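Here subunit A shows up in two complexes: once beside subunit B, once beside subunit C.
Our next item is the complex of A and B:
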């Protein structure tokens, strides 16, 4: 109780509340401008949070990401261009509705669903993570090794598009993670005599490069500035919302649960949560034919899923230090910088910080309502902001941000080089999330493997000697074998069908 | 045309000269001072640095900024301190690692690359074990480790060749055992090692006692002894090694403020006075007592001597552990 009151005091002060309000506006802006993603917003925010106390720093990140994911629906509805990848799943649907003159109604529903999804995910975070942490206290290097491996495997398995490319992208991340002083042997690797590289590749500049610089270059590579708002109607924002919610409350709950779960899976974030729950909603709907013609049902599923995914991703990040998506990958870095080392002990150390974090989540999702409403009313401003002016400003932020974290020019170079590399990879449809996860989890994977080996004198079977460890190990191996099993299954079914066709 | 160039050149030279002569003492400090910390924000060293910086601000009347340059087991930050301009505006919180890293071939930097100003803290190594673990007290631990075959037990708390590794290896040698009788499992620091200890993956964490505080207070770990001359005020139930097994072995991690080599003696004197007042301030002493961190003062001269002594001592341990390069 005492810690809870301390948490309240940490949140309800002028500075933190001001930061939350500013972050909400920033989040709406970034989300609503097509081409700027929520991850990019958070990456750009990190150097600024560096100068804040832990609570406002985390509040800024939570609020920005939640708002950006909602606001991504705004240009999706008006322009048929998703503001963030998380809105891509249902952008066609909501644009259809906008063409029918129901743009504000759609966005109003989106807003309420997003808020509900976010709060749902937060409740899961608040109630599940402390008990999960109790379990995690029993985890030794064996379990963490499997968890890291599980995270990396998931990031490939759940990625959209070519699995081979996702795997190669992961290897790039793992390679970057080997740079620096190896903790186990005490030997420097790939440092080329640069003292700054002894610390390894700092992943905040890498994130800025991969997500911000990469997209900047993508913008100048494509040039699609000629945007026009085709459907601008002045219908009521919230009038129809209760009706939709009454009708589709099951979709709301299902979307939120799926979203939280997928968010909690390492490597899969809000965008994948939206795709999957949209598909799930469609397959279980009675009006499947109405999908694609401006049907709000799928939007309820997906827009609650992407926001609950944002909250869900924090569960493994806080409890195990394993990021659930690319935003929490950044968050883990910030938590370390703020002395809140992610892991089960974060729930043991007093000071009310963890309660402050939970409270911040609630506020961030509640503040979505007023600020989101204003954003819907003034959507035109965000959509028509000329990106020609924005992009150079963002470039400045990228460079200053990369420098500010360690005050070293090496990080600026890292940012520029990885940004360029990521641009080439992204142009060839390599997903970025596995690379980031590889960089963040590579050291965890390696160090836990090495220390397990040291502890057991090189006995590989020791990875299966503890019950939880064995369970996790079997899970990982099953995930690896799944594609093979699926193929076998299909092959078997295919041949048996052929067989039956041939027999008269 | 040429004349104008000359004029510009002249003006430029003048400006250059004034800047060069700028830091000329008299009014030192006349701009904010930066303290580089080679360890991550939020850790014990960082908190110590931020507190002493705050206390120094009150003395000097200038802003004292703390900048973290982390990584590479402290190499990155220590290099940044040594490479800074010795004008008194960039200082660093130098830690005991400077006495260890060069023996292991991680860096060419030694304590001779710094201008010592003052030592402000000393944390002695402790011996932490899991609350439900096999050891009752230090005597029991030493006996069991001696009787069981080499490599039966393991310990963790820093990277390979880090301060607690060397401190514990030194302790084993003091007890007449080989330094690697207990297998060292490198870790990113004392905090993850304490988590592993509670999870049963590690047997011993020889970090300073305050670093194990949250696990000790949660009842998941015990501290058996401290390698110090007397008990800590903040942990009065933890005996010294002397009390537990009658050895006078003492070792730990020192922290002090130093600048790059070649600082002006007058600037050093000003800083030394300011640091002394800051060290004695309620801000600093109150914080350190609250955290349970040890306080120990040495002025510039004694600090230099300490660094030289510890360098020799750690050099020997590094060699005996077999990490010397």
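Our next item is the complex of A and C:
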């Protein structure tokens, strides 16, 4: 009880509440301007949160990401341009509804579904993570090695598009994680004689480069500036929402559950949660033909899924230190820099921090209602903000933000090089999430492998010597074999069908 | 064609990483040393690069049959324009000590806004105000030692 009260005191003070309110407005703004993603918002926020206490810092990140994911629906509905990739799955549907004069009704439904999804994910986080943490306390380096490998494997196999490209993207992140002094021998690796690189590649400049500079370069490389709102109607925001929720409450629950589950899988974030949930909603719908013509059912599924995904991603991040998506990858970097190691001990140490975190999640999702309502009413202001003025200002924030982490110009170089590399890769359809996970988990993977090897005198079979470790190991091997097994299954099914067709 | 070239680039990068990793010291007590992970990554680069290259070997056949890969002028112009933010960062790195953060950032913003056809007066006003705000937030509130440069003359 004391810890809970401490948590309340950590959140309900003037500074934290002010930070939450400011972060909510910032999140709406970044989410509602097309081309600025939720991850970019968090990456830009980190240099500022770096100088805050842990609770307001995490509150700022949680609130910004939740708000940005909702606000991404605003330009999606009015302009048919998703504000963040997480809104892309149902942007066509929302825009069709806007063209029918139901833009505010759609956004009102989006808002309530996003809030519900976020709260659902938070409840799972609150109830599941402490029990998982108790299991995780039994883990040693063997289990953490497999968990890290499981996370990295998932990031490849869940990614959309070429698996080879996802694999290469992951290796880029892993390579970056090897820069610096080796933990075991103290030998410098890939430091090129630069003293600033001895401690490794700083995480935040890489994030800013990959998610902000990359987007900025994409903006200057395109001529797409002029945006006009074609459908601006003044319908009521919440009047129709109860009717939709009564009719589609199953979709709401299903979307939230799928979102939380997918969010919790490493490498898959809110965008993949929305895509899968939308596709599943469509496949199980009685009105399948209405999809694509402005049907609110798919929006209920997907917009609850993307916000629950944001909360779900925190489960593995807090319990195991394995990020569920790019945003929690950034958070883990921030927590490490603040000297707080994410993992089961966070739950066991007592103190109010973990309760403060849970309370922050609830507030972030509840504050979405009033601020989201104002954002819907004043949508035009956000979506018509001229990007030609905004982008240069963001670039300057990137430069100063990268410098501010260690007060060294080397970090600005790191941001430039990684941003440039990410731009080339992203332009050629390489996913960025595996690279970020590689960077975050690379050290965990290598350090746990090396300490396991030291403990077992180099015996590789020791990775299967403990029950949980063996189970995780088999899971990883199965994930790697899954494409092959699926191919064999399809081949077998194909031949058996051919055979049965021939038999009279 | 791009994937083919990227595949080749990954093969070369993998080979370099692998060769550099072989130079890392080994540990006498253990058969696995600091070179293990970089070597695996280098190997992975080579394998992934090879798969990507083989998958797009058709591009090479196209060239052999007389089809040349010639990007449109519009495409080249957009590629060059996309380098602007990168060039602005290089400009900051090279001149911030001398010009100071505020002047440097204001110049970058002003030029970038003009390139996207913002009215010069608006661009000038926004650049100055934004540079002063960024400088104020980072150097006075967050106490980051941003270079003052030319402005330090006025104290």
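Convention: the second predicted complex is superposed on the first by the 498 of 504 C-alpha atoms of A that agree within 3 Å, B and C clash if a C-alpha of one lies under 4 Å from a C-alpha of the other, contacts with A are read in each partner's own complex, and residues count from 1 in each chain.
The criterion applied here is as follows: a contact is a pair of C-beta atoms (placed from the backbone, for glycine too) under 8 Å apart; a residue touches a chain by one contact, two chains touch by 3 or more.
Being a predicted model, the structure only gives us computed values, none of them experimental.
Asks: Answer with first, second, both or neither: which of subunit B and subunit C does A:423 touch in the superposed model?
Replies: Only subunit C; A:423 stays clear of subunit B.
Asks: I'd like to know which partner A:286 touches here: subunit B for first, subunit C for second, both or neither.
Replies: Neither subunit B nor subunit C is touched by A:286.
Asks: Using the superposition described at the top, determine whether subunit B or subunit C touches more residues of subunit A.
Replies: Tallying touched residues of subunit A, the top partner is C.
Asks: Would you check which partner chain A:168 touches, where first means subunit B only, second means subunit C only, and both and neither mean what they say?
Replies: A:168 contacts subunit C only, not subunit B.
Asks: Regarding the shared-chain residue A:409, is it in contact with subunit B (first), subunit C (second), both, or neither?
Replies: The second partner, subunit C, only.
Asks: Is A:222 touching the first partner subunit B, the second partner subunit C, both, or neither of them?
Replies: second
Asks: Which partner chains sit in contact with A:246 here, subunit B, subunit C, both or neither? Use first/second/both/neither.
Replies: neither
Asks: Between subunit B and subunit C, whom does A:340 touch in the aligned arrangement: first, second, both, or neither?
Replies: first
Asks: Is A:451 touching the first partner subunit B, the second partner subunit C, both, or neither of them?
Replies: Once the two structures are laid over each other on A, A:451 reaches subunit B alone.
Asks: Please indicate which partner A:389 is in contact with in the superposed arrangement: first for subunit B, second for subunit C, both, or neither.
Replies: A:389: touches subunit C, not subunit B.
Asks: From the superposed pair, tell me which subunit A residues show up as contacts to subunit B and also as contacts to subunit C.
Replies: Of subunit A, residues 184-185, 407, 450, 454 contact subunit B in one complex and subunit C in the other.
Asks: Show me the residue ranges of subunit B that touch subunit A in the complex, using the header's touch definition.
Replies: Residue positions touching the partner: 40-43, 46-47, 67-73, 75-76, 79-80, 104, 106-107, 151, 154, 156, 159-161, 183, 185-188, 191-192, 194-196, 198-202, 214-215, 218, 220, 323.
Asks: Could you list, by residue number, the parts of subunit A that touch subunit C in their complex?
Replies: 47-48, 51, 164-165, 167-168, 171, 174-175, 178, 182, 184-185, 187, 189-190, 213, 216-218, 220-223, 225, 386, 388-389, 391-393, 395-397, 399-400, 403-404, 407, 409, 412-413, 415-416, 419-420, 423-425, 428, 442, 445-446, 449-450, 453-454, 458
Asks: Along subunit C, where are the residues that touch subunit A in the complex?
Replies: The touching residues are 2-3, 6, 10, 17, 20-21, 24-25, 27, 29-34, 37-38, 41, 44-45, 48-49, 51-52, 55, 78-79, 81-86, 88-90, 92-93, 96, 101, 105, 108-109, 112-113, 115-118, 122-123, 126-127, 130-131, 134, 137-138, 142, 144-146.
Asks: Could you list, by residue number, the parts of subunit A that touch subunit B in their complex?
Replies: Counting only subunit A, the residues touching subunit B are 137-142, 180-181, 183-186, 188, 195-196, 198-200, 202, 336-341, 343-345, 348-349, 406-408, 447, 450-451, 454-455, 457.
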